[in-house]
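Below: a set of structures, written as structure tokens.
Next come two complexes, and both contain chain A; in the first it sits with chain B, in the second with chain C.
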Partner chain A sequence: MKFHWFVVPFSAGLIFLILYLIILYTKWIVKLPKSDKKILSGTVFSSKIFNIVWEIFSEALLHIRIFRKNVLLGYMHSSFAFGWFLLIVTGAIETQLFASKPINHLYEPIFFKFFNTTAPNNSLHKAFAFLMDLWLLYVLSGIFLALSKRFYSRIMGLKKTTQLYWTDQIALISLWLIFPLRLLAESSTTATYQNGSFLTNTAGIYLEQHFNISNMSIYLWWAYSIDLLIFFGLLPFSRYMHIPTEIVLIALRHAGFKTKNEINSFSQIEIHSCSSCGICIDACQLQSVTNRNNMVPTYLFQKERYGKVLKPDLYNCLFCGRCEEACPVNISIINIKLARRKERLLKSKQNYQYLSKIQPTSTTTEILYFAGCMSHLTPSITRSMIKIFEHLNISYYFLDKDDTICCGRPLMLAGKIQDAQKLIEKNTDLIKASKAKIMITSCPICYKIFNEEYNLPVKVMHHSQWLSESLTDCNKLKLNQSAKTAVYHDPCDLGRGSNIYDEPRNVLKQLLNVIDKKAIQKEKSLCCGGSLADFYLNENDRVKIARNAYVQLINDEDYLITSCPLCKKTFQKVADKPVLDIAEIIVYNLS
Partner chain B sequence: MNSDVLVIGGGIAGIEAATNLYLLGYSVTLVEQESELGGHVAQWNKLFPNYKNAHQIIQTLLQQLPGDITILRSTKIIHLSEKDRLFSVNLSNNSTITTKTILIATGYDLFDARLKEEYGYKIYDNVITSAELESLLRQNKPILTKQGKEPSRIGFVHCVGSRDRKINNLYCSKVCCVTAVKQAIEIRQKLPFCEAYCFYMDLRMYGLNFEELYNESQEKYGVTFIRGRLSEASETIDGKLILKVEDTLLGRPLKMTIDMLVLMVGMVPSKGTNFLIKELGLHINNGHFIASNDEHLRANHTNKHGIFVAGSASSPKTIDDTLADARSAAMAIHQFFKNSKL
Partner chain C sequence: MSKSFGFLKKNDRTIDYDKNDRALFYYLMRVEPSAALCIACGACTATCSSGNFSSLDLHKIMLSIRRGEKVYIAKEITQCVLCGKCQLVCPKNVNTRGIIFQIMSFLQSSQL
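Up next, the complex of A and B:
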């Protein structure tokens, strides 16, 4: 039997890690919501399994999504994950093929060169030795990049990189040491036996000449093994927990699990899959413009795991969704934050008696118009919509003309679910009574909650969708083309929040020259700062965010166009050019 | 061209300061972007609290203005630079002035009421600003709705653009409460059958005779005061306005139909003031106006050596406060010259 006492630390660490993970994951999976668990067994025997394997390969190992953000950053992440994976797999095969005994121990592939000192003598064995050295070099190059990133993150497209928690820092150092130690330990053996390849053999000769490394050989193998123990021991308590957890996450996500209204063990899996890569830091405008850190997901999840999440960490957030869009692990950040707000079971002091006094309408029409509270503060938008309805001779009913009932989303965002529910019920009754088929709203905030939390017998449309349809639909709307230029700003709740990007652009293209601002449009659109979700942001900082976004959006174009009353109002405060809603610009161009 | 002091802005602050600086023995240049001096006060009619004639005040100030002062009308500042404690200022008439000190008296602009879109200014027919009403009164024009009718109910909305978190102006503009009271009285005098309502948060009747004017408006003219902020206005087909107000005294929402709405717009730093803040790197205060070096002891000094401020360029002020501040600025500059000669 091949044994030396230095293998004990490594083996103990690995056994501990495996047992710990088995227990933890079993606990999490057992605790998954019952209703969702059926889907799990279905998935195992379906074609989804291929998708799962592919995504684990492309995301947990290759990190393709990070490559798309920045090639160097992607290379760095992949070199650790994929490089180490290749070392393990190739090492295991090498041991199977070339070790003298048929049984290979848990640790033998890891310390292969120590136990198998015969130099490779056939071409297959040489090829394996070569590959093992190549993979080691691959990982080492990643460590070099990771070091540089700590000093100068901009080379990897990051303005800021995550400040680490202390356990993370120790784990990080132990991880970075594993591969240099492996190189040294292997070289100390190859110095005597020449049983490596281009890297370890050369390093062995060099280090033997200058440092007599073969004398230190056993200590280096001990150090390598102990360092592995430290890393494995710390992994469950550090950000490196993301390595095994992301694999579980990918599988469960394909099976159909989601974080919805509550934090359950699936959400825990999501939270532990955050690698603290820091890509969300630059995405957050509260970070880049107002220098706040506590709501940035990489830090929020740090607190979720080792500390305590405080109220401002949750309530100082625009809910613009830019972090979620940027996250390479696709964690459902917004739903997690919202679920944490909902958990607090806050209630408002509001009196809802007025609801009972509002009577449903007896008029029945095909089309309902629901302006929304925000649109009532921007009469330019509601009046434009009314003009368009009149222009097209459409009979409609203005549901919230006099007795405005809020859609409930602001309360929902505040975590006051029960209050929101009252409004949702009342609005649902009123909408049902109208017997309408289509309901058009001018507000993306309302649009989102109508789609997500209501159960309505009508088709809900944001006015930009309906306008786009009316334009294509047998040319119902006839418009004049103007030579003016405009930039279209995607409102958070309409764009990232509801995936409506093309309809407004289809409309605008027929009216004027829409100038693209690729870096800050569609999924990457900026938040205006007006958000109803943030309960801590002061007005000065809101203005700063709006100004910062505005100057990036408008250079010398004639208009800033948006399709949200809140964006319009927010940008107007800082704009030197007209800020118009899509409905207004249509009215300007009606022929 | 050389001068000891360049006064930028020919409103009442600029005029009063220039006069006093001249009397103290300095050579003064006064630059005004408009064709006439007088600033905002030249547009007003009868002034609070005693109905003094605004035109006469301007006339008196102009008569006192010494003829030796260089006055450049219709002239704008293009660029300013400093070298060896001397400022050189390029003007729109292609001339350059070299000056030892600059007094900024570029005043305020009216808050752009379109930013409170929920009140419907420039959207609904019968929403006007206090300045527009003042101009109707000055020209003695009939007060009529867009539909050509005499209004039977007029509402005055206080604090439009002031004391409003949502538009990031937390300060009080100081003159609009009492202007609303004055204008409501004038409406009642002109249109005895028209009711007048003021919607206010609290009434700031701090000056001498302000409270008397307020009492008179209620007792003699029957103006109604409703404490509460207007949340939104909407328009009916016949051009009337429906107001939604939370009556904070009675603690209930209130809906009211009126014929005409007057927005008591507040003061914001003027374009000229903002331009100079940027050009010269001046500090601003919480109201975004030019910050005093010390609000008690060096109220007319700015953070820049040799640059002073007077009048409403540093915060909202009434005419009395503006004139006093202008004279104080003249003394501050006088001290500056005396100290630098020692």
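Up next, the complex of A and C:
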């Protein structure tokens, strides 16, 4: 039996880690919502399994999404994950093929060079030794990059990198030490037996000449083993929990699980899958403009792990969705924040008895127009819409002409989901009673909730969609082309929130020259700062965010065009050029 | 529904600062200091979505906060739909939605 006492720390750490993870994941999977559990058994025996395996390979190991952000950053992440994976797999095969029997599979692949001191004698064995050294070099190059990222993160496209919690820091140091220690320990053995390859043999010869490293051999193996124990011991309590959890997350996500309206054990899995990579820090405008850190997902999930989330961490957030768009793990950040908000205001109940005063009216028109609260504060938008309806001779019914009741999304954003339900019911009654077929709304905030939370018999359209349809549909709407230039700003709830990017652009292309701003449009579009989701942001900071966004959007173009009344209102405060809604610019160009 | 901005004859009443509990006011001054900017102009009340149908009157609530009339505030605030129109019309840039949210979370954790 091949044994030395130094294998004990490693083995203990590994056994602890495996047991801990098995218990934790079993607990989480048992606690998953019952209704969703059926889909789990259905997934195992379906073709989804190939997608799962591919995504685990491409995201948990290769980190392709991070490669797309920045090649160097992707290389760094993949070197740790894929490099270590290759070391483990190649090591296991090497042990199986070339170790003198009997083999102890628990620790022997890790300490292969210590227990098997015969130098590689055939070409296959030499190839394996070469590969092992190559993978080690791959990981070591990643550590070099990780170190330089701590000093100067801009080389990897990150303006800021995550400040770590102390457990994360110790785990980070122990992770960084694993591979240099492995190199030293293996070199100390190869210095005597020459059983390595290009890296370990050369390092062994060099270190033997200068430091007599073979004398320290046993201590280095001890250090390597103890370092592994520290890392394995800290892994479940640090950000490195994302390594095993991301695999579970990918599988469950493909099975159809998601976080909605409440924190269940799937949300816990999502939270623990955050690797604190820090990509969301640069995406957050609150961070970059107002220098706040607490709502940035990487820090929020850090606090989630230790149960230290405070009210401002949740409620001081624009819900613009830029972090979710940037997240390489695709964690549903906004839904998690929303579910946490719901927990904070459980006891506070609203009283909307007055809603019964509002009587539904039936109409004969096909089109229903719902302006929304915000459009009532920007009457130029509603007036333009009415002008377009009249121009086209379309009969419509203005659902919230005089007294509006809210769509319910602002309440939802506050976490008062049950109270929002009352408004949703009332609005549904009103809309159903009208017997219309199409409902057009001018407000992306309303549009999003009508699509997601309502169950309506009408087709809900944002006015930009409807305008685009009227333009293409047998030339109903005839417009003059002008030579003016404009930039289109994607509102958060319409773009990232509802995936409507092309319709407004199709409309604008027929009117004027739309200038592309690739870095800040479509999925990457900026938030105007007017968001209804933030309960802490004061007016000064809102203006700062709006100004910052406006300066990036407009250089010397003639108009800033958007399709959200709230964006329009927010940008107007800081703009030196006209800020127009898409409906307004159409009215300007009607022929 | 229309609104009456004319003068009404009101019954006498007293505000007893010794008895009223101004804890909410001090809490708001700490967490949402923009509450101090309110000049009770009533623009919020005029635009209020819920106020069209109910007795919700944000500028009255803002006054009651200073006076410590917690029972009145607790009753009225439950009618708010948080739509945020008040915030957009406020001439003094008071973070009204933030204030309403803080009142809600203060009231749910305190005994009336």
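Methods note: the second predicted complex is superposed on the first by the 579 of 591 C-alpha atoms of A that agree within 3 Å, B and C clash if a C-alpha of one lies under 4 Å from a C-alpha of the other, contacts with A are read in each partner's own complex, and residues count from 1 in each chain.
Quick note on the criterion: a residue touches a chain if its C-beta (ideal position, glycine included) is under 8 Å from a C-beta of that chain, and two chains touch if they have at least 3 such contacts.
What you see is a predicted model, and the numbers here were worked out from it, not measured in a lab.
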{"item": "Chain A as common anchor, with chain B and chain C clashing or fitting", "value": "clash"}
{"item": "Between chain B and chain C, more extensive residue contact with chain A", "value": "C"}
{"item": "Which of chain B and chain C A:Glu539 touches, first, second, both or neither", "value": "both"}
{"item": "First, second, both or neither for A:Leu377, with chain B first and chain C second", "value": "both"}
{"item": "First, second, both or neither for A:Ile358, with chain B first and chain C second", "value": "second"}
{"item": "Chain B versus chain C as contact partner of A:Gln572, first or second or both or neither", "value": "first"}
{"item": "First, second, both or neither for A:Lys432, with chain B first and chain C second", "value": "neither"}
{"item": "First (chain B), second (chain C), both or neither touched by A:Lys27", "value": "neither"}
{"item": "Touched partner set for A:Lys459, first chain B, second chain C, both or neither", "value": "neither"}
{"item": "Identified clashing stretch of chain C versus chain B [9-17, 27-35, 45-53 or 63-71]", "value": "45-53"}
{"item": "Chain A positions touched by chain B in one structure and by chain C in the second", "value": "376-377, 539-540, 569"}
{"item": "Of chain B, residues touching chain A in the complex", "value": "114-115, 117-118, 120, 123-124, 165-168, 170, 232-235"}
{"item": "Residue ranges of chain A touching chain C (in the complex, touch as defined)", "value": "311, 315, 344-345, 347-352, 354-355, 357-358, 373-374, 376-377, 403-406, 408, 410-411, 413-414, 416, 423, 532, 535-540, 566, 569"}
{"item": "Residues of chain A touching chain B in the complex", "value": "376-380, 383, 539-540, 542-543, 569, 572-573"}
{"item": "Chain C to chain A touching residues, read off their complex", "value": "1, 32, 34, 47, 49-50, 52-54, 78-85, 88-89, 93, 95, 97-98, 101-102, 104-105, 107-109"}
